[in-house]
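Chains: A, B, C, D and E, in written order; residue numbering restarts at 1 for each.
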């Protein structure tokens, strides 16, 4: 899969999307607005994960450790620092996640491929264990409930406890972040990680310190995940160990992969599809995880490009340009 | 008129499925009885089961959905104090009402209390006090304790120790162990218990955690008598499939099948005729609490949450388990406790079960308002 | 016995063999000469099935080889001694040899001309070092081991890729004698050599390869006669 | 003192279980360079099949025989029809596939057997206890230790003494060459994967009576097995053994000495190893 | 041949791969601006020598001096920034990406556009211009936007050279740049190399003797991990040991 810089194919849907989202509360019932807020939060989480998986080719089974860290820091900070503003709570979370990213990254990134995947999983388990055991801070199995403070910013006063208001708050701030991520994929760093994935050895001989670049990216995505986690805590007004559990990693993996690692908006699509499916399916059957799993396997086997990959190749098929290498993101070099 | 919706937050899948289902059965039975008698304020009570998976986030997610979509504002549940804490917080935000008959962590009506949360049932304090009294009464000196490592377990243990010291300073706590929820291999803990050589072992474990503890205890050579929160559980005893492992254990509850009062005998008879099985502990607790809630709604004469809250505070209710009074200062019902020993012969099952229960009056186990740590009730 | 007709082989995009053809008779020893990188090894790999030609045909005892897996080709009685010795470094010498051995399960034929004993007779050096790990052998010993390992499979045809590559002149002689011996035991040999001097000592016929094509075929005298060929394709 | 001895035994029992699981995982990784996330799921399947077999036959030994066979077949099928398919997409897809597989198996198990723990109760001498030197100890835990030793020895024998072992080890060095020597390497790989699955299945059977059988058992053991691999070193049987022993003891004595940390201990160990010797105790430097 | 001081000096270099000793005490020097060929039979250790000099492997013994500084065991990216650059025997590019981005990745590194989180790579005029230049220099201007995987073998080899030059090196090491080329391609390639390496120092591994003798100022013959001889072409041509070991009798 090639990423032509400024690929219009990924811009226009983007604009349409934003328009639709801004209007959503006008025609959607409250419940769905709430659901959409969740989608937005997960979209950020998934995008951050895809920067790792789709762009850097690093398959991590530990992304939830950052997501969870973000969620917990927000919860704890808001509980213990009275009068803390939303913004600072989020920033604190990001800072914590960044720190976690640097430390774990330094340990993990000496390894690649399967070993890396395995280690990330183990580290996620470690974070989980700590969150469970460290009762005094995290509330262990009880979790922590979060009070969403109101937003006072440059004279603007917003009552975030109102669902629609919080929706717009999330949409705008998170939207901006995702926008930046899109820009990121065209920056020097963005391209560097891609090239390192394509051919690390050559990058070394072209003068790049690939360890540094990998660490930077790992930390960056960790910070983003932490931010998503923070929003998650605010949205949910509760933080429990499931926010830092391996299931939470699985969730983002499914979202990202179903949406498609090949294109930037794939994961966003994935977050939407996953959340809606989850919401609908879990009413109908409590077997919905099984269905998710099956979808996932089928995709790994037949549609490695995910939904977006499918769309792209269909579009190319229609356009006649046979989609030969439509979204084949994970060209993992065999060890 | 449309129905009065009551969301029942219980584990309906997963390890604690059987617990949740029995609570639900109790609530459902109460609802049926009410509806049969013409309903509540002339409206039918509609029970909406919610599978909490004993996960706070799952419970609140589903509850929120019901609030936003269906406008439900009465909820109840009995499993997982962690779920209770989360629901309590949610209710305060969404202006709903939650009551529990099984989430016993004292903190729920203590520092975590709020006006939207009621506990028509037992608490770790009450129950631990009751058991402590029994231990002292029977003159045991070497006591060990093991509990699940979450707020419920910790509070149960703390209260037990506190009361023990109060009643008889010479009693010795020879071991105090905590294990993660859902532990499978109790060997390392049992070995420690054995090494401590206690006469009785106190445990607030429940469900699978209690089953495995009792099951694995004997084979490893643990002789001591178990003093349990939830030993009077037929499903558990059946599950252990080894009466020897349970006989002699002690259970304390706010409701037991074997409460020897007329009121209870009548209730048990009626239920058994209707359902063909007995209203064991959880069913009874669910039933009694729901009836109590209904009383409050009746008194309020409306489903307006604020009104119902006011109505419930101070209200008393005579049920199968004696007289329950909802205290205004912390929304903790003042209830008598019932203690029974597991014996081989019993009128209900062909496996071992609790013998006739003896009552410990509410006053003896009451926690004074000022000690609960509940501040949030100021009107 | 072996008939290669007009094969074209590629590595990814790069077209290496531009229509190579050659034939071998039962029991003869043929040498394929040519400069570095002209496609000699690729030719052998193509026969063995380690590289799959995109067109052409390779018939061994009348059976088409193209499309077969290397192990299938091997079971038909073809053995290869690869260029990069590719002995199993973490296995002992003896284990390396045992791998080569085909047993009923692997569908080899009964005639066990080559056995451990026999190999050790021919290569006393290997017998001395039989408990050493492969990676600790000297280049020459590794070369012997590779040949011996292949012989253990009792092939009817062996493809030997630059057996004297990077070997000290003395060892070159040993190896050549050994090959002559193998050939005397009735095995057909197709050998790739850069070292013309070495090659002429042992081979009956020669093919010369230049940039992916056979540019000459004939016996020693013919080759010596063909100055033009030698100048352009072999010498400096 | 006896207290100490008992805890050593607890540790050994768990170590045995860990080794049974991780050895299969290491085998597959060492041979085929495939990190099989579904390995623990196979282990869980083993436990559940064993449960069902016990239900109708009541014979533990039978399930000990059958389950590995069933898992062997499953493993073979998975390798042949799923893993091989995605192989050309690179190892990321192999990981994702086995991961998805694990996920589905877990959910499937919840569906078929229900999402709660099933107590596997044995009969016969396995349920009893032995007392020696003043220690009373359940037979079954000793039995587990025995099984681990047996399997371990068998594996290292096959691995280092038989031709199969030689082939497999050679295939790790250079499978194209092994192929060229007339050995059907794809088949070998299929078998290796199947054996790995069978091993984990066996471990599952053994685990059932000890830990009860429940859908969470896969995830729990998987993480521990991974830590074993990290600590012991990738693809090294010896490493797996040593690491299992260490972690087994850590688990047991952790509960005794530092109950608050017990959950985190093995991760601390892992972190230390990662810092001090990233390739693990027995692993060659990458 | 000009000799304004040494740019590279290799002293008694050793390298072994788990027992197999590939470099066994290699010593030689390269003068500023010199064109130095390394020849020797397969497996002699030529590529390994490159790998050790350019920091892919750490030597197990000996030292390497570049412009008088000891650079032994430095990682590739540092050496690259010290203006040492090497090509690979088998083309080693970013197969899925365009030729342009391939070369740009080297150029922008030189311009410090490596890990920047905000600046876009496709907006930097200087970088783009330099990239264009290089592409035209090696004659790939026409295929700038094609993905590498669609290039012919010859073009890929040319790209390999462009990549090597993209970091504007002083010392250039080429590993069999003409490997796998037809005679014509080879001839062109040599001209290209000759053209692009003027004023730089060049070390080239080459089996094609025409190339070697037409291009090199000096030749080192590597055999069994040792330098058999290091001298002017005509001397090498007549050196008996070299004939025995590599060239063979004509």
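Things to note:
Throughout what follows, a contact is a pair of C-beta atoms (placed from the backbone, for glycine too) under 8 Å apart; a residue touches a chain by one contact, two chains touch by 3 or more.
Small disclaimer: the values here were computed from a predicted structure and weren't measured.
Touching chain A and chain C together: D, E. The minimum number of touch steps separating chain A from chain D is 1. Distance between Cα centroids is largest for the pairing of chain D with E.
Distance from chain B peaks, on a Cα-centroid basis, for C. If each chain is reduced to the centroid of its CA atoms, chain A and chain E end up 42 Å from each other.
Rounded to a whole number, the gap between the C-alpha centres of chain C and chain E is 32 angstrom.
Rounded to whole angstrom, the centroid-to-centroid distance between chain A and chain B, based on C-alpha atoms, equals 40 Å.
Between chain B and chain C the centroid-to-centroid distance comes to 81 Å (mean Cα coordinates, whole Å). Of all residues in chain C, those touching 2 or more other chains are 89, listed in ascending order. Shared interface positions of chain B, defined as residues touching 2 or more other chains, are 13, 180.
In chain E, no residue touches at least two other chains.
By the document's touch criterion, interfaces exist between A-B, A-D, A-E, B-D, C-D, C-E.
On the side of chain A, the complex with chain B involves touching residues 30-31, 34, 132-133, 135, 139-143, 145, 161, 163, 236-238, 240, 242-243, 286.
On the chain D side of its complex with chain B, the touching residues are 3, 6-7, 10, 13-14, 110, 114-117, 119, 121, 127, 129, 136-138, 141, 210-212, 214, 216-217, 251-252, 255-256, 259, 263. Residues 17-20, 41-44, 149-153, 156, 176, 179-180, 182-183, 207-209, 223-224, 237, 244, 247-250 of chain E are the ones touching chain C in the complex.
On the chain B side of its complex with chain D, the touching residues are 13-18, 177-180, 182, 184-185, 187-189, 191-192, 195, 208, 211-212, 215, 219-221, 239, 241.
For chain E in complex with chain A, the residues that touch the partner chain are 54, 56, 75-77, 80-81, 85-86, 88, 92-98, 101, 105-106, 108-110, 113-122, 147, 163, 166-167.
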